[in-house]
Amino acid sequence: MVSKLSVRVAGLHLEHPVMNASGILGATPEHIERLASYGFSAIVTKTITPQPREGNPPPIIVEIPNIGLLNAVGLANPGKNIVPKLVEVSKRLGKPIVISVGGSTPSEFLEVASIAEEAGADAIELNLSCPHAKGYGIEIGSDPYQSYEVVKTVANSVKIPTIAKLGLCDRIVEVASKVLEAGAKGLTLINTVRAMVIDVMTARPVLSNVFGGLSGPAIHPIAVRVVYEVYRELRPEIIGCGGVVDWVTAAELILAGARAVQVGTALMWKENIVYDVLIGLRRLIEHFGVRSIEDLVGYSHRV
Amino acid sequence: MLANGIYLAKLRLVEPFESYPSPAQFVMVWVPGVKEMPMSISHYSCDGELTIVFRVRGVGTQKLASIGIGSVLGIRGPLGKGIAIRPEWKRVAILAGGIGIAPTPLLVSALTVHGCETHLFWGAKTRSELFDLDKIFVDKPDRIEISTDDGSYGFRGTVLELFKSVANVHSYDAVIAIGPNPMLRAVCEDMELKRIDPMVVMETIVKCGRGICGSCYIRGSTKLLCIDGPAFRCSEVMHHLRSLD
Amino acid sequence: MVSKLSVRVAGLHLEHPVMNASGILGATPEHIERLASYGFSAIVTKTITPQPREGNPPPIIVEIPNIGLLNAVGLANPGKNIVPKLVEVSKRLGKPIVISVGGSTPSEFLEVASIAEEAGADAIELNLSCPHAKGYGIEIGSDPYQSYEVVKTVANSVKIPTIAKLGLCDRIVEVASKVLEAGAKGLTLINTVRAMVIDVMTARPVLSNVFGGLSGPAIHPIAVRVVYEVYRELRPEIIGCGGVVDWVTAAELILAGARAVQVGTALMWKENIVYDVLIGLRRLIEHFGVRSIEDLVGYSHRV
Amino acid sequence: MLANGIYLAKLRLVEPFESYPSPAQFVMVWVPGVKEMPMSISHYSCDGELTIVFRVRGVGTQKLASIGIGSVLGIRGPLGKGIAIRPEWKRVAILAGGIGIAPTPLLVSALTVHGCETHLFWGAKTRSELFDLDKIFVDKPDRIEISTDDGSYGFRGTVLELFKSVANVHSYDAVIAIGPNPMLRAVCEDMELKRIDPMVVMETIVKCGRGICGSCYIRGSTKLLCIDGPAFRCSEVMHHLRSLD
């Protein structure tokens, strides 16, 4: 029996629509196990680059009360060789696994993506949108042509679904359209937004990296808007991400056009958020009298 | 300065902590423009004075040791779970190795408040790393025993050897060990034979302190030191401690 | 005697660095009088277009608790003929007045700017960045060439200082550089960020206009980042705007590089915010042992 | 439906108001997909049931009148300042014109709670716009007088004429008028001669309801109806009322 909450997105068959967002844990087998214990329907790894990356020294996060989080972890990750181990533990736990892939050139992305495919990962999420790791993100993702190149290179070579994770940028609809043309099966929208915090008593930027990515409640209305606009123009398969902290914030992304959602920052406050979201979504399905959550995808465009 | 390379700092918080910290909880101390480091809470007074005790290891602690009175630091915390003191504890042994002494004042105070007798066993490499414990303890342990690896003060040997030679582990309701990982491993392995599962207050690399970056993970377990620890049972961290060589 | 808090910015001599942000009142003489009573050092009008604009029907705002405000007022304003009356009342109250000017073509901007100059306004702020009034804002402001044209047209023709108000966009430093080249004496950074809210119980976008501009605490770390980046690259005269709710948020913008700040959304909660900010800034001047607030402009780049 | 084109709606709030609304406070009622409109609070029970009374004027109120039970609306509020009831008020006259009756139940209840006697004077154009006041009042006014412009019910004439003919303004500690602007202007001008400064509950165009869009401004004053009103002294709004022709 297929449950009311099960969804298909970008070739993945998920028990329910709540996945974790890349970069919240997800870099070691132990992390994968912990994420699985949170109840996510699929596990997304930390962005993996070909070579290990140390990341930035602390401070790497600043919490802004009520508003969200600023982070500059700096794509710290153990490098591509970890991928098979991550896949293995996720398979053992019966969870689909999406390998988030980072790089500074199309061939670097392909390098990790190929290992992921070989290792038996269920999908690849190309991180085209990190706003604070120079050369590894939003510079690519805000340019339709560079994004096209990366996605094309990977989607042409690997058979598992390729998902493109995009960030806030001026030409988001155009970028989305190009990466879909290049072969992306789905889009994750959005990544963090470039921002900074200064400590006024010392006048110093708090993050060691100066700039970081803003996530959490602050970016939620922006994420909903991006999902809504991209869905309206292109009707692609979208995974919504940004400021999901409860069932309402998750539902907004789904109604705007997302087939699934990812949760990042909220895990800092609420480790049981998955169940909170699922209970709310189940009530919403009843409220609208529809058969399944899939009927509510993009519903705001139809009322 | 308390001893060779060991410092005590009293920090006045702009905003007091929301709740009184539990023993073994820690803070992230930001030395502006340099770095942010995890530091145990040695003592805290309700009006917002926080005491830390630290040993100079690299650039961060060096800088921390050299900044003057009146400097502004950033403090995040209290972080971690802290040790929950059990009502059935009547007598507790605390084994501290080196700078592992840092969190013990808060721990001894909390145990004392709960009417528990505290026996402190402190081991250091050599005499110059020792200092007068009165300088850091608000509530005094009921018994203090000291060792140095080279015998330059007190018992010659490790703190575990000291403990085994002068005390009977079975006379304690709990054993809490704090110190470098090799020491903790030795304690855990020794006690395992006696079918005792002590508590250990550990260190791993803490970056975010909030359970999201994953740098502090305990190998072979789903635990994160920054939110589940830093105090664990030996049984929870044995794999981690053994895998460190 | 020049006070510790007085600043010069874009040709304006201000008693202190706190102005109102355009669009919070500022469309009628009565509004100007109310803004003056809040203690601002200069008054910025609502964006004035050549012709009157009705704006959007309600709902035009959504409050997002703690996070900020989403608005789609839609540039409602009484048109250019109001300008002399606005200037007159501001002069009577002894406050410098900045006319915010909107338009969809360079000549529309010029039309209003010329009236402002004739009427004796102290400066013009070109709104190149409204994120929700189609054709009237961010489409111009995110394109360096269109922005250049508008600023050039106005700055070539009027003698009072021209300030360009920019919004969040990918090439913000490039746009800033072009408008300065075109003759802008200063930059106001930033406008609201395009966003939306969906009511989950009805699945409907709440704003009648669907999309609106996000302001308040949510965009503050983004505004600080934009000010910091633009200051670092170009050292222009900046008026910081976005999420100023107390002296700390104001100080961050100043330390990042702003010579003055504007307050919008916070007026909804705190009509006495100006004094709150000034008291804090005075303490900060003492804390750093400098002579005046001007010494703290961009201080974060020097520590 | 209470009368020709006049409706009563009971709304259940998902989250009760943070505090009990004061008389003359209002809410913004969002009819999803249609528009949002200001509506006075007629009554409110602490468990979150809000009553509004409205007259159909355009598309918004039409839609509001036609939606079925169980529909979801959006409510923002309570907004505005509301009327602060003074302890020295022992007897208050309320003059309501037409749908100006809407906020009076909450006002009468508040006055009654404060031990104040309330006399209600209600004027409408014609009989078909009247309805049984028991349907909206929780606490009953101590005296009710009714007029219609065409004399089809009660006194023939305006509510002001009614008031002047059956009551003595000097026997009241306060006069509160609620209704269309021309009526309020007439009341203010009449009372001005008697050197009385009544309170008027007004309407202007309310869009944001939070003091930022400026659409509700009172001409010739720095006041904003949505945050300073909707109740004002005549002296505060005379310029506005006179400038409307």
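When the chains are written out, they are named A, B, C and D in that same order, and each has its own residue count from 1.
Going forward, a residue touches a chain if its C-beta (ideal position, glycine included) is under 8 Å from a C-beta of that chain, and two chains touch if they have at least 3 such contacts.
The shown structure was predicted, so the numbers you read here are calculated from the model rather than taken from an experiment.
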item	value
Any chain in contact with subunit B as well as subunit C	A
Greatest separation from subunit B - chain, by CA centre	D
Computed distance of Cα centres, subunit C from subunit A, in Å	33
Inter-chain centre distance, subunit C versus subunit D - centres from mean C-alpha coordinates, in Å	38
Centroid distance [mean C-alpha coordinates] between subunit D and subunit B, Å	67
Subunit A, residues touching no fewer than two other chains	201-202, 204, 303
Residue numbers of subunit D (touch at least two other chains)	33
Chain-level touch network, classified as line, ring, star, complete or other	line
In contact (per the touch rule at the top): chain pairs	A-B, A-C, C-D
Residues of subunit A that touch subunit B when the two form their complex	23-28, 30-31, 33-34, 37, 46, 55, 57-61, 63, 71, 73, 76, 199, 201-202, 204, 206, 208, 264-265, 267-268, 271
Subunit A to subunit C touching residues, read off their complex	64, 66-68, 70, 142, 169-171, 193-198, 200-205, 210-211, 214, 217-222, 224-225, 228, 248, 251-252, 255-256, 284, 287-288, 296, 299-300, 303
Of subunit B, residues touching subunit A in the complex	28, 30, 32-33, 35-37, 72, 74, 76, 206-215, 217-222, 224
